[in-house]
Amino acid sequence: MSDTATSARDLPVPARGQSLRFYGIWVIAAIVLIVLPLLFSSGSSLTSFSLIGIAIIFALSYNILLGQTGLLSFGHAVYYGLGGFAAIHVMNAVTAYDWPIPLPFIPLVGGLGGLCFAAVIGWVMTKRAGTVFAMISLGIGELVASSSLILRSVFGGESGITTDRTALPHMFGWSFGPQIQVYYLIAAWVMISAIAMYALTRTPLGRISNAVRDNPERVEFIGYDPHVVRYLASCFAGLFAGVAGGLTAINFEIANSAYLGAVQSGLVLFATFIGGTSYFFGPILGAILVTYLQLGLTNLTTVWQLYFGIIFIGIVMFAPGGIAGLLMMHRPLVRSGTLGMVIPSYLLALVPTLVLVCGVILGIETIAHYTESQGQGNVIALFGIPFDATAASTWIIAAVMIVGGYAVARITWRRIVDAWDRATTDARDRGHLA
Amino acid sequence: MLELIVISTLNGVLFGMLLFLLSSGLTVIFSMMGVLNFAHASFYMLGAFFGYQLTRWIGFWPALVIAPLLVGAIGMAVERYGLRNTHKHGHVAELLLTFGLAFAIEEIVSMIWGKSPMDYRVPQALDFSAFTIFSTNYPAYKMFMLAVSVLIFIALLIVLKRTRVGLIVQAALTHPSMVAHLGHNVGRVFMLVFGVGCALAGVAGVIAGPALVTQSDMAGLLGPILFVVIVFGGLGSLPGAFIASLVIGLVQTFAVALNGSLASLFGPLDPSFNATVLADIWNVTIAQIAPILPYVLLVLILIFRPMGLMGARET
Amino acid sequence: MRKLIVAATAALTITMLGGTSYAQDTLKIGYIDPLSGGGASIGEGGLKTFQYLADEINAKGGILGHKVEIVPLDNKVNPQESLVQAQKAIDAGIHYITQGNGSSVAAALEDFVTKHNTRNPGKEVLYFNYAAVDPALTNDKCSFWHFRWDAGSDIKMEALTNYMKGVPSIKKVYLINQDYSFGQSVRADARKMLAAKRPDVQIVGDELHPLLKITDFSPYIAKIKASGADSVVTGNWGQDIALLLKAAADAGLKVNWYTYYAGGAGGPTAIKQTGLDHQVFQITEGIPNGGYQPAMDFEKAFRAKVNMSLWYPRAVNEMRMFKAAAEKAKSIDPVKVAQALEGMKFEVLDGGEGFMRKDDHQFFQPIYISSFGTLKSNEPFDEEKTGWGWHPVAKIDTQQTIVPTTCKMKRP
Amino acid sequence: MTQAIEIRNVEKRFGNVGIIHDLNLSVAQGERHAVIGPNGAGKSTTFNLISGHIAPTSGEIRLNGDLISGLRPFEINRRGLSRSFQVTNVFARMTVWENVRCAVLWATGQRYAFWKNVDDLPEVRQRTAEILDDIHLLHRRDVPAGLLTYAEQRELEIGITIAGGASVIMLDEPTAGMSRAETERAVALIRRLTEGRTLVIVEHDMSVVFGLADRISVLVYGHIIASGTPEEIRNNPKVKEAYLGEEGH
């Protein structure tokens, strides 16, 4: 799904195996989505899967901006939130006036809500690109979030607007009361949206968006107005973000101003960037990981925000392609069969790196507990081992692990670089790298 | 009425100058390096917390000098070990780095100092009222803030436009290789610029800390409005930031002073419109929407003058 | 690849979210409040309070022999997150949840619990609200499954205005509130009730300002000053009250402040800084220096063990009353406990009788007006190590706090 | 017959500094026209003015008789004028194939279509393949443009410029930084690709200029001091004095 991968399909006669593999991925994805709740059927898993599904659509929609068009937005949650409110209002209207609209179509309403707002405000926002666009999106995000508290009749103040999803006309005899039914609804929309957004990357507009991302100035000299391209891209991003918002509204049966806020915008940026913006599936990985971290990490540590920050900084500095970028780096090696040359150095680096990571975690948790609890409840249970935050030994262990781990890890990292160089040289010799 | 106008003007200028104190560092970094430092408000927060801590240990005046230096040093470290490596991936990557940094700094601060507000007080020497106008006292400390902001503005203008250092810095931005050939270390120039920008935020933090609330969420509260100021003023323009700060400060304070709403202007709305959007808009007072006015200004300036008030640089 | 990752994630999710098992004989109460981020200090305080209360109950043999356990669940004051946590709690077999911070969270939870109980008969969940004061929770949105121990903002205003009725020196009142549902209800109630009880009092200003967005309150102070007000009534909390008072002190404004939340975390520190000695008043259901011996003993023991002052006397009432109701119903079944709670009378921590009104599940209790400043010799408790503390000014009896409700309760 | 490009009394000032003053130039249909002049004479500014990159302070520019001064670059491009850049200006993260294909899209009427599969457009594919074949980059089609060699990037630059099928092609120093052999190859390429079209070229290499151009204009300090056939220019005393400097004396 990378640029290089798709262009392989541009060959005058696309290879049959290629397209089979291509459709195969989607079919497998669909099967996974169907089977998942059968394997893990507890209420919490269903809730988690539902949230992850929504996060996937949201992150993919964000990547239309960031990855495809090169627009860094700090206010993407505006579309998501407005989509959610549109969905809630229509759901309430359907209930009140007995319109014949069943629940499964409500996300579309959310999408239209996001699209409408993008169509109106997007023209102004997309006048500028780059860092200016980022600041503008931040400002617009604040504007809408603040206004939502003033326009009470629409946004319901800070307590928001509630609805009852079971009151809508039923479809296939499903009431959508039980979470499992909502999960399948979300799963269906994940498939529809993902396919639609993938298709979008393969249209003339999608390709021109890439060109605008790479070099907006040059685009003007091949007949395209980059402003229009950015505008259209933001409309599509708004549409799918709205779908995600509509699904959230169905899932929680409530929409409130927290949907529109900076936290939500920040999370989607995290998910998309950590997953990787250069590949279509990057944001999917990111959405799964970040939602999972958000649900799990917050119960394990109170300073989860610090870990988020550190992970993010690490990705920006050392792997700007995100997780997807890291994975895809290995593809030429896999193809040329030289992957085996780097694996041993990875394994070797794993041990000291893990020690380093554990040291950092221990250090952070120790400080956090030391300052937060002042005097009581100092025992941290980390990896099942109890540590006393006030004991000097804990601090020393953490320090030793960090310093020692780093010293050793550095050596092993150099080995990785060497091994990597050798493997890529081999791969190039075998004709699998440009 | 006169009373309200005079006092609002004074308050507006005071608030505007505080905004400028904050946005000057941001603008300096952007105009020199093209980097938009998302973590700028976090450096401001660090300044406030360092200022608070050092004030307790060694007093306010030494803290006013040392805290910004510390913040500047942290800023230089960030440039040296973070931004410099990210530079090759472009300005958006740099912006993202500082975005992550803002998260981390906020959490580290609340880890060390906790989440409650600090008891950070105005120094004794400035804890009196400077003058009284229409029976409202003006604390000497606010006058001090005003003086510092004006001083920084003038000093920055002089340094950037009139001194050799400023010339080298500006040349380093446009022609890095040429400047390097002339024997200047471009990397060090950038590091210093970033450090100075952060130190300016640190100064703002030390000074604003006692006047506002020193708390671990103070960065998030001021961050967005700072970006409005610099976009409104024109990215990278110091005079632009100065004017924008004043405009936004005055607009906000005057809006608060006014009680008008559409309802008071045109009479109450027909009750049949109750609980509609129209009623919300009709009855909202200007004072209520004061804090969102900067964002409205942002949208307006984008429609009519996308490069900002004094902006020249197209991005 | 993707399948692998999804599967791995799912497996991890299960181990992390659903893996905890609880002993059958414990009675778990899900505590859903912020434990990370900006509101964490408040949430931690509440958690310690509830854990202390659970220990107190367990020391006396628990509830009907069941050991009480508080399960902390971090909601980051986000309604959606709260619903996820509530779902998590329900999956872990929890039938009682308690929450306090944020009316938006409360509204979402109340709605969620009601829907859950309708859709899952036999698996009912009760929601005990100890601090969210939006009147709507016991009026338009009222639910059989929701009980509130804190006085709604209208009740507090009823108490405050009943106090003001007897203070002739109050002549010009200025209202300044945060622009959201709570601030608006404070403002509306103040106007309505003052007009009814003290028609001679002039409302010289009525301000709504955006929530947690103002960094400099001097323009507002200028307006208050220009209005000639002698008293200000405000529902502001958090930094909005701290900054407001700070700006007032800077400008030398001399008025009396009638507040809902000046005593919240950080508030006492801010008041001490401004030097507004006994000019800031607070409306609460109990105060440390109230003079009622059992309450003062409790406060002393609590401070000694938990190292904080008792922010939530209502939490004490909540937990003790829960125990009483379960014992009355001879069951910990949520439906039976709920029925037992309805209309129940109870001797509150700070003395005097309160009752849980059956019509809307609002608890009514005596309300105190207190002022913050230098302490008298018989007032042992200060706040946040400032050396200043709350001094009782007036006690409003339960009967003086009763307000009507529009609740049309749907019972199972 | 209308001129392909007609520039009348164009002036461009940046603040108080006049870069271009009283610029007059006309290029006939099908003509190969070179603009030469010393460094800083305003050649690139002239290109930027014609292509819409910057707007003139005063004066008018016509393309095939239509007024285009003040229009945006994409509007001018849609009217049939395409330009290349002095510094390589390609879409670095996209493949060679995609670079050229993007340049073909508008001309084949795809506009901002989001309902068509870009791989499923026979006309686009056909033209892209032809252009790639023309610029000898078909074998590098799947390589990201950022990874090409310098000479290859220059060829791609030309490919993108001509891909839209514009009737007027403007090339800004197409052979800058190339070796002798590469230059010859590039000139042959330019000659072949611009067959039947109007070409305006800025070039420093005089052998390229005199070998390629039908007419030459000499720009000095933002003003055209002479225009004519290579022969006329070679013998023009003003040119000798102003441009060739010492050699003229």
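Note that the chains are named A, B, C and D in the order they appear, and that numbering of residues resets to 1 at the start of each chain.
What we mean here is this: a residue touches a chain if its C-beta (ideal position, glycine included) is under 8 Å from a C-beta of that chain, and two chains touch if they have at least 3 such contacts.
Quick caveat: nothing in here was measured; it's all calculated off a predicted structure.
Student: If you check the contacts of chain A and chain B, which chains show up for both?
Tutor: Where chain A and chain B share a partner, that partner set is C.
Student: Between chain pairs A-D and B-C, which one is joined by a greater number of C-beta pairs in contact?
Tutor: Per the contact counts, A-D leads.
Student: Let me spell it out: compute each chain's centre from its C-alpha atoms, then which one is farthest from chain A's centre?
Tutor: Checked the centroid distances; the maximum from chain A is D.
Student: When the C-alpha atoms of chain B and chain D are each averaged to a single point, how far apart are the two points in Å?
Tutor: Distance between chain centres: 46 Å.
Student: Report the inter-chain centroid distance for chain B and chain C in whole angstrom, where each centroid is the mean of the CA atoms.
Tutor: 35
Student: Mind checking the centre-to-centre distance between chain C and chain D? Centres are C-alpha means, answer in whole Å.
Tutor: Going by mean C-alpha positions, chain C sits 73 Å from chain D.
Student: Residues of chain C that touch two or more other chains: which are they?
Tutor: Counting only residues that touch two or more other chains, chain C contributes 40, 179, 210, 213.
Student: Touching at least two other chains at once: which residues of chain B meet that condition?
Tutor: 114, 288-289, 291-292
Student: Each pair of chains that touch: what are they?
Tutor: Chains touch in the following pairs: A-B, A-C, A-D, B-C.
Student: Report the residues of chain C in contact with chain A in the complex, numbered from low to high.
Tutor: Counting only chain C, the residues touching chain A are 1-3, 5-7, 9-10, 12-14, 16-18, 35-37, 40, 44, 73-74, 76, 78-80, 83-84, 87-88, 90-91, 102-104, 106-108, 111-112, 115, 119, 134, 136, 179-181, 210-211, 213, 307.
Student: Which bits of chain B are touching chain A when the two form their complex?
Tutor: It comes out as residues 36, 82, 85-86, 89, 91-93, 95-97, 99-108, 111-114, 220, 224, 227-228, 230-231, 235, 275-277, 279-281, 284, 288-289, 291-292, 294-296, 298-299, 302-303, 306, 315.
Student: Give every residue of chain D touching chain A within the complex, in rising order.
Tutor: Where chain D meets chain A, its residues are 51-52, 72-74, 77-78, 82-83, 85, 89-95, 97-98, 101-103, 105-107, 110-119, 121, 125, 129, 141-144, 147, 160-161, 163-164.
Student: What part of chain A is in contact with chain C in the complex they form?
Tutor: Per the stated touch rule, the residues are 25, 28-29, 32, 36, 39-40, 42-45, 47-49, 51-52, 146, 149-150, 152, 157-160, 162, 164, 166, 177-179, 248, 252-254, 256-259, 263, 281, 284-285, 288-289, 292, 295-296, 298-299, 301-305, 327, 372, 374-376.
Student: Given the complex with chain B, which residues does chain C contribute to the contact?
Tutor: Against chain B, the touching part of chain C is residues 38, 40-41, 179, 207-210, 212-216, 218-223, 225-226, 239, 242-243, 246, 250-252, 265-266, 269-270, 272-273.
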